[in-house]
Amino acid sequence: MELKLISYDKNNLKSIDLGDNVIIDRDRLTMIAGPCSVESREQILRTAEYLKSLDIKIMRGGAFKPRSSPYSFQGLGFEGLKYLREAGDKYNIKIVSEIIDPRDVEKAYDYVDIFQIGSRNMQNYSLIREIGKVDKPVLLKRGMNATISEWLMSAEYIALEGNDDIILCERGIRTFENYTRNTLDLAGVAVAKELSRLPVIVDPSHGTGRRELIEPMSRAAITLADGLMIEMHENPDKAISDGFQSLNFTQMKELVTRIRKLHDLLAK
Amino acid sequence: MELKLISYDKNNLKSIDLGDNVIIDRDRLTMIAGPCSVESREQILRTAEYLKSLDIKIMRGGAFKPRSSPYSFQGLGFEGLKYLREAGDKYNIKIVSEIIDPRDVEKAYDYVDIFQIGSRNMQNYSLIREIGKVDKPVLLKRGMNATISEWLMSAEYIALEGNDDIILCERGIRTFENYTRNTLDLAGVAVAKELSRLPVIVDPSHGTGRRELIEPMSRAAITLADGLMIEMHENPDKAISDGFQSLNFTQMKELVTRIRKLHDLLAK
Amino acid sequence: MELKLISYDKNNLKSIDLGDNVIIDRDRLTMIAGPCSVESREQILRTAEYLKSLDIKIMRGGAFKPRSSPYSFQGLGFEGLKYLREAGDKYNIKIVSEIIDPRDVEKAYDYVDIFQIGSRNMQNYSLIREIGKVDKPVLLKRGMNATISEWLMSAEYIALEGNDDIILCERGIRTFENYTRNTLDLAGVAVAKELSRLPVIVDPSHGTGRRELIEPMSRAAITLADGLMIEMHENPDKAISDGFQSLNFTQMKELVTRIRKLHDLLAK
Amino acid sequence: MELKLISYDKNNLKSIDLGDNVIIDRDRLTMIAGPCSVESREQILRTAEYLKSLDIKIMRGGAFKPRSSPYSFQGLGFEGLKYLREAGDKYNIKIVSEIIDPRDVEKAYDYVDIFQIGSRNMQNYSLIREIGKVDKPVLLKRGMNATISEWLMSAEYIALEGNDDIILCERGIRTFENYTRNTLDLAGVAVAKELSRLPVIVDPSHGTGRRELIEPMSRAAITLADGLMIEMHENPDKAISDGFQSLNFTQMKELVTRIRKLHDLLAK
């Protein structure tokens, strides 16, 4: 593995400053939450307001949804991005959202604070190169079939274009086990931190595909990861996508309280 | 799995006519060969001339190479496509080459006879939708981590945009086995033919990653597949990429002779 | 991989003579068929009679069934072996059956002509060592999670005890693909033949887990394998185990006819 | 999944009392350590003495080693078990060791305090049934290719024979990732605790195959598991087996100190 730009260097660990005192690095716990898909303006405004009340400073929400089937909901597109931006501005919360087309990078620039590269696009080199040219941070999800080495190589691709404000996100790999949707590879997090100087967070929602596993895996994850990205929905049973792996607002509140307490303990 | 446009229909099996009596369908054996990467104009001209002498009517050659490492050879790009086109025109051989950026589809249109979607891009929806809008055939490789269902769904994405001239290509999936580079899933070929009306071919070069396995797997493959796509190089030991899984010219000649003989036997 | 006893040696390819002109080696096609489980004496007698009418000379039948759940049918045990022996004697057909306990090897000796080691027991070293001490052939199935190297190593274990009358049997490996029960690794067959001097056969019933895939995968398999092992049942829909991957008698007849014809063609 | 005997029942969570105040259950942290293989009497005595000094109450050590290659060290057998027993008696430390043959269960009974069933034998039903008949606890490792459901089913097999003093041990599953030896499935631990009433521990040594990952994965593991099993060797670089994933004595001391501190924090 030939890493030059993102290889581990304890004197140069990456710290990503989003402004408004929102910093992502290895010294603090980053919490990101929000719905799988942006479904409506009102949903996003209510979600942002609630997250703000929990002091969660980054909201996720999918506007462009890469779905296996062309007949599944594909997201609201730029309309969705607008809702996210409006909510972000109103509640002073940062926005992370996935882009799947290199031609959308420029158009989406004003709407997001962090560009997300999803699992299926981790090796979409035309897309990640384009993202490497902008001056906003990138959240790079690990491909569901990607080795740790390939994941880091994709980060290196981005850095080579000039942008090394990269947050790595482990979200589970595809294995024979089918009780869980994916197999969350926490050792992969440890390795990514050992080999690179980037912050590494974990998505236990996709990583397990089961609501009841989000809390235990969040606890395990924050012993080594720098943050969490969690799917949350006002009414998970009515979510257009991924409701089975989303927390409702109350569950999110309980989770964030416990996780912060644990993080404080671990910090000692 | 919700297939509407490419689902099996024995009265409407797909036949793709490339002109010059080059037809790809389930009634004949399609042979595609050529180097992993386009390396030079001369290489491509010599390769095309040789393939022509073997009566192989479609040449592959990678101009845009999606590589795990940004430090690996990334291909000659449009320069490479030009060499392919020149050779195709000179020797009257059809050209298939991979495109990895939706913005290149229009520019590449005049250079290729068949657009290839590579394994890493099978779920690059912005790319495959763009390919779905053109009136040239598409060779859709199975993702190395994609289920058969996801593979067919990606074909459905393309067809929904208007282009159902799709050739499916099985190229091995990623498993724990590491003696071979991938595990060639021939049952996946049988299933793809059962569920769709598309022609399905096999790439035993990527599917095994070992030169000595190309012939046995080609033999097994053509008992159920409609064709083969094989990597060939003038001097495999000096190939810039994938030489270890490429045949030299003489080996290619021997292979094609034996495979055609076997195919004739099977046709009886 | 350190193979001393079973490593490839073209001058010493293994030929296993079971008597009555039943020989298993790389020069002919070995056909084995029969039910997943022995269910009754009458079933086995009827099956043997039918196989005999098809000139199939080896019958399979499970008396000891290693099942994931303790609440699933575990087989008739020695009672089942007696039925197999009786049918084998009456119809002059050879018997292969699985043993799962090293303490049963001696007791089972008189009942079987070939000992089968099942997929779950490929690395059950106390069992395979015991099997290595007897003077009857062994059919060694590949572990569903075993690399080719581990599979050959298990054969080497058996040979080291003195018994190198070993038939390797590929039966599919466990992968992420779930349309098929397992992923049949035909490249693994090619590799096993290249690295060892043993005959290698294929089980397309377990290898696919779908009745409709048995024929296409049998055709593909015999281009490189030395035989097939196929599950067959009088009334698959009423089989106690694995009916969904079993042929009925008529389907078996059609299959064996077509496969023999193809094998004759390939032999030319 | 049909679990009757080990299914979750909060009023009947399993507590296994080994005497001498050594209890394994969900209310405390169980630490097990020791060498991969028993190599000599002196090694085992020194190891036991050291573990005692760390207040670790259970020592592991392999006397029967299931190795992929018959040419690898197979363990000292009963000689090894004697050394373990002697050390256990001298230092008042409990012994856990793997048995791989059902015929050895009775003979090994006096030497071990806990029988271990290794990963390769999780579905060796003749062995696990025999273990189910004894009145000593069993440590049941998850098969490297076993689903969570199959793992629990194997525990149910043991319980059905009368012995439900079962400790489950997650040790990593086989996936495409190869930077780590296995992929440690901590979600599998959470699921096993949710579905069964058994204590569940984690083996980060086999689970990662890399010494430097033992501590981070131990930390993550104890947020949800009930204990750890760790390989330790006087001189890992000279260990006959698995030295690359073993801690030396000093590293073990540091690890246990930190892990206990973390466990105390988590208990709050």
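Letters A, B, C and D mark the chains as written, and numbering starts fresh at 1 in each.
One rule holds for everything that comes next: a contact is a pair of C-beta atoms (placed from the backbone, for glycine too) under 8 Å apart; a residue touches a chain by one contact, two chains touch by 3 or more.
The structure presented is a predicted model; accordingly, all values stated were derived computationally and were not measured.
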| item | value |
| --- | --- |
| Which of A-C and A-D has more C-beta pairs touching across its chains | A-D |
| Taking each chain's C-alpha mean as its centre, the one farthest from chain D | B |
| Euclidean distance of C-alpha centroids - chain A vs chain C, Å | 49 |
| Interchain centroid distance [CA atoms averaged], chain A/chain D, Å | 35 |
| Residues of chain B touching at least two other chains | 145, 149, 174-176, 178 |
| Chain C residues touching chain B - in the complex, by the definition given at the top | 145, 147-149, 173, 175-180, 183-188, 190-191, 194, 207-208, 212-213, 216-217, 219-221, 223-224, 262, 265-266, 268 |
| Touch list for chain C against partner chain D, complex | 1-2, 66, 68-71, 100-104, 120-121, 123-127, 143-145, 149-150, 153, 156-157, 160, 174 |
| Complex contact set, residues of chain B against chain D | 174-176, 178 |
